[in-house]
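What follows is a set of structures for review.
Next come two complexes built around chain A: one with chain B, the other with chain C.
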Partner chain A sequence: MIRIKFWPLVIKQVVRHRVRTLLTVAGVGIAMYLFVAIQAMQKGVAEATQASAADTTLVVYREDRFCPFTSRLPEYYLPKIKAIDGVESAVPIRVVVNNCRASLDVVTFRGVPRDQFADTIGRDVEVQDGSLDAWKKRSDAALLGETLAARRGLKTGDQFDAAGITAYVAGILASDHAQDQNVAYVHLDFLQQQTDKKLGTVTQFNVKVDDPSKLDAVSAEIDALFASAEQPTTTRSEKAFVAQVAGDMIELIGFTRYLGWGCLVAVLALVGNAIVLSVQDRIKEHAILQTLGYPSSLIGRLIVTEAVVLGTVGGLVGAGAALLTIRLTRMSFSVDGLSIPIDAGPLLLATGLLLSVALGVFAGLVPAIQAARRPIVTCFRAI
Partner chain B sequence: MAFIECRQLSKTYRKGAGTIRPLDNLDLDVDQGSFLALMGPSGSGKTTLLNLIAGIDQPSGGALTIAGQDIAKLSRSRLAQWRAKHVGYVFQLYNLVPVLTAYENVELPLLLHPISRKVRHERVAAALSLVGLADRHDHYPRQLSGGQEQRVAIARAIVTDPDILVADEPTGDLDKPSAHAVMELLCRLNQELGKTLIMVTHDAATAEYAGLTLHLDKGRLVEQSVQTAFSGETATTRTQDGGAP
Partner chain C sequence: MRLLPFEYAVRNLGRSPLRLGISVLGSLLVVVLATSAYAFVRGMDRSLARSGSPNNVILLGAGSEESIERSEISSSVASHALASIPGIQTWSGQANVSPEIHAALGVSLEKSSEPIGQAVFRGVTSAAYSVHPQVRIIEGRTPSTGADELIVGQLASTRLGIASDLIAVGQTLWIDGRPFTIVGQFAAPNTVMNAELWIPLTSIQTLTRREGVSCVVLTLDEAEFADVDLFVKSRVDLELAAISETEYYEQLSAFYQPVKMMVWITAILIGAGGLLGGLNTMYAAFASRVREVGTLQSLGYPRRAIVINFLQESLLAAAAGAVIGSLICLLLLDGISIRFSMGAFGLMLDAPTIGFGIAAGLVLGFVGSIPPALRCLRLPIAEALKAN
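Right after this comes the complex of A and B.
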């Protein structure tokens, strides 16, 4: 790039037309805001649906059902599932949501037997605030995922209402697992009584296998076991389950990647336009610099640096604002009780910034080459 | 050997279907430390010659040797290096960068040289002091008069201590007192610092400051006048064929 001693020259040129610069930076910022937000959604989808070699969780659901309101499985399936070779643990879960449609603010209750929580789901989560004992002791107690708690502004000791259920916050959970961050874990019997007015029916079973390589064999065996039962099952890995149940939404989010690319093209056009205008305004000045002995390559690099400054400042503002918004609002897409978090971290911020810099270079390249190649005398004559 | 040697120097431009020849096989020798004025009607080739000597344009034919270096053969980047080291250019319309202060404008050419910030500061201060504008270092061009702007431009031209100063109608946009002050300054640079000074002018009174005035017409040298150190006495020689007088 250019030496530090030339930076004041670049900065003075960038702020020369303040309104133009502000508009360009604002445009780049908005485009990068959208880009980062879209990437955050894509990241959430990837985290929620892309299987990894370490996945060991299966979801047993009612065959041909995709909604927690219609998947009804007898709780007595549990010992039969546990008896299958390769099953490490299994937990019956009743799922109730306050809104069955796709939404950004869904409260998902998951009813889990109080004596099974610690040995199953509890192994993947950390109770950050409150305690598991407090949850066990109180029948209406709920352990909230940190995303849900933050979004609703709830803390330990609060009471909240959703889906016609009033629950007491006994603690806040932290988890790397997307599906645990946006739920309220309550006692299974409490949830059954609140919704069905009777015990014995669950929405699904979450099954842990003792070896990831056994996922397919165990799921096939579970489905075969209940194939002729009154409530036949379909068993899939948890991420495959999310991918299928939330398929429409995932497809929609997938489509937004084109909007993301559109944002990058917008950045390119905005910065390119600003630099082209700026260079056209300064044909004579570039000729003066060349007369003073500035080589063409340095003129070109000065122009590219101006474009990079515009792109970087806009990118920093936009990507930073997007990161802040996502972190503060803790939004996640929910459909049928499954969560797809909108998640942005420093890596996404760095990606946004890096892209802004790269786009700045590209946007400045053509006007820089044109300015550098223009003969000095022609520039003076052109004025 | 002369400091500046032009041999069969020519420049042609294409314009539409035709060709323009602002310089036509010109031969010229200029000694180091001399003050040369170039005069002639519009289109006579004086600014083209000035630009070729300043290294901001390249000849179409012939040789142009300055201090033993044939600059016609230099690449674009080497020519830029050469300009940075050897030439200071003073424009008619000053051509200061409007967003930079007087100090920053004068500092511009020094940024190309491998010198410390402290040395840069000393040289800029010295150049501004020499043109009598040390107290205006933080003024922007719009805050200066035309004469002051031209003096800043002269400071910018001399700050790298070049061998040659070229000036394209340096007083063309100035009132009489400012023009006189600028010409006095240029004469001092020529006489006290020994700078070779080549100036294009339309004004005979301005040309009188120079030791030698060359008249060009249609790209050829047609007349030379030698002034005797401000005495007003002038010896004129007419050239027959546009060759070296």
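Right after this comes the complex of A and C.
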């Protein structure tokens, strides 16, 4: 946009009014911080709810129930589900949460039969610390999702209490699946005894189908099989299930999108305001530059570059700080035992930066055009 | 001290309509956000604080103290408690001992349709109405035991995200494929119960295929919490825990703390952004008046008088924004209920909330003008008079 030899001029302008620059950069930083945080929440919702062609997991839940406290299915449904054509595997899961309500620090226990873990859920997760053998050996052992472990500061060998259950951390697991990152996997019988004082009742069945195209057919067949049973079922894809159960929270997070747009407008206003003020202060200077032979288009470009510098520095500070906060706090929204992670990666940082640059250009355009069009004589008279 | 006339500040405001506009807009934004955040947090806190009665004690399953919905205890606990704890309040000869089931169930408007959402149901007996005196029937009657009937709270439609006429008295709701007639509406203002659906205990036991209950709520008269605690500790076989109702809802309020913190942090960050923008504008506004300040000083006005005048100017703009912002909040937010996590609550837009919003706007005006005003006064009079 401008040649390298003019960059010192731009930097000098930015540094000359330190207070103004600091205030603008801080303001842009705050706005971009909020924007990136909001985008991270939106990304979490998309990851947890948007189905992809490769999805093969179905969740069998009690019909018309959305809360793990009220979905109670007999464990003996398992062989009938497994016998359905297209079902690759099925695992009964008992879900216990410290509270069904939505918040940011909810602990979700998932009880899974110890012999079935490795062949079902274990295929999608990687035990990073500790071992699966250690988990199998101990009845109160738990494998913690890395988000939960990081948030609660737990490591292998620790004991922790939540939802009235005391468990031993046998390992920490990593997974790309949103629902595996914020849970504690324990033995099914252990969880049943701790909560129901009896065996035989589970919250849901997670069913893997052998072909993604069979999802609808298999779910319809499962529901038809138990339509007149003691506990009828509703079977949905895992992501559709999350979308329905966490609907309130998703709606609320969706609403913050407007706040995100508001943040971008704030960036525009802050940079625009700073540049307008800066240009007003320098009318005489622009006249001198024009007298020295600087073309008006170059003056305009110098102003736009100044706006871009302010936007970029502010964007870098804000987006970087947001990324750091999200990575350090490892927060995730939880509702009814389901997680919506707040997750930000380098792509979001790059998006934030690009938007800051674009907004800088946009914010600087009007004052730049005005300054470029102002004749030298008018500039001198304006003093 | 010789002060500058107030009119001077008022007239100066009109010198740059653009700057005045930016200042007013910044203050307005901060006031709207601060008021909304405070109304949200206070509304949520109020609904939880008023849900508990100080004389009520909840008996629930040991280990389920965080959430009644998770608890399951024997149906016989109510009679055991009544027989073992002396000094429980009575009303018209009936002991205030209320066995209850709290459960979130899917609700449909038609027989075979998908549930419109999940509502919080409370399965109750007649004792519940005396144990929870906040509940008043405002239309219709209480549901009859054995009949498929229920009553709805004033905010139940908000909770379900549907128009209130769809769950008016006389309408039918389908739960688990069974039709339930709405026979009444109740009000329990500013409590979690206001968004609930109340149904006879036996009906919900049938629906959820449960033999036990979630909890038993007792109202103490002469008895004290220690008496209930002693009962719980002496009946280890029942695996109970006792918690005062007020404490239970305080815990629930603490559970929501991260959400409330998030709301506050967002409002504070946006407020800080507004403040920084305002500071920038004020710096520019005051910096262009250095010569004017020098002139005022040479006319004998002390620095403090000039700072006060700048402050008046800034506070006037902020106050204008605060008033407009408060009016916008009153017009747009008053009466709004928020559907949130197994319940609904109304935004609390009362005098303290409006006062808080206006105070936030005025603080913005104050803080935003002091540093630029002081900076402007730094120059010696001779230099200030020479300034461009």
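The rule is simple: the second predicted complex is superposed on the first by the 383 of 383 C-alpha atoms of A that agree within 3 Å, B and C clash if a C-alpha of one lies under 4 Å from a C-alpha of the other, contacts with A are read in each partner's own complex, and residues count from 1 in each chain.
Just so it is clear, a contact is a pair of C-beta atoms (placed from the backbone, for glycine too) under 8 Å apart; a residue touches a chain by one contact, two chains touch by 3 or more.
The structure displayed is predicted, hence computed values, not measured ones.
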Chain C versus chain B on the shared chain A, clash or fit after superposition: fit
When both partners are placed on the shared chain, which of chain B and chain C touches more of chain A: C
First, second, both or neither for A:27, with chain B first and chain C second: second
Partner chain in contact with A:347 - chain B first, chain C second, else both or neither: neither
Vertex chain A angle, Cα centres of chain C and chain B, expressed to the nearest 10 degrees: 100
Partner chain(s) touched by A:13 [first = chain B, second = chain C, both, neither]: first
Chain B versus chain C as contact partner of A:70, first or second or both or neither: second
Which superposed partner A:54 touches (first chain B, second chain C, both, neither): neither
First, second, both or neither for A:4, with chain B first and chain C second: neither
Minimum C-alpha spacing, chains overlaid - chain B and chain C, in Å: 13
Residues of chain A contacting chain B in one complex and chain C in the other: none
Residue ranges of chain C touching chain A (in the complex, touch as defined): 22, 62-67, 69-70, 103-106, 108, 115, 117-118, 175-176, 208-209, 252, 255-256, 258-259, 262, 266, 269-270, 272-273, 276-277, 279-281, 283-284, 339-342, 375, 388
Complex interface listing, chain A residues touching chain B: 5-6, 8-9, 12-13, 16, 284-285, 288-298, 375-377
Contact set on chain A toward chain C in their complex: 19-20, 23-24, 26-27, 30-31, 33-34, 63-67, 69-70, 72, 96-105, 163-165, 194-195, 230-231, 247-249, 251-252, 259, 262, 266, 269-270, 273-274, 277, 280-281, 331, 335, 383
Interface residues, chain B side, partner chain A - complex: 51, 54, 56-57, 76-77, 80-85, 87, 89, 91, 95, 97, 99-100, 104, 108-109, 111-112, 117, 156, 160
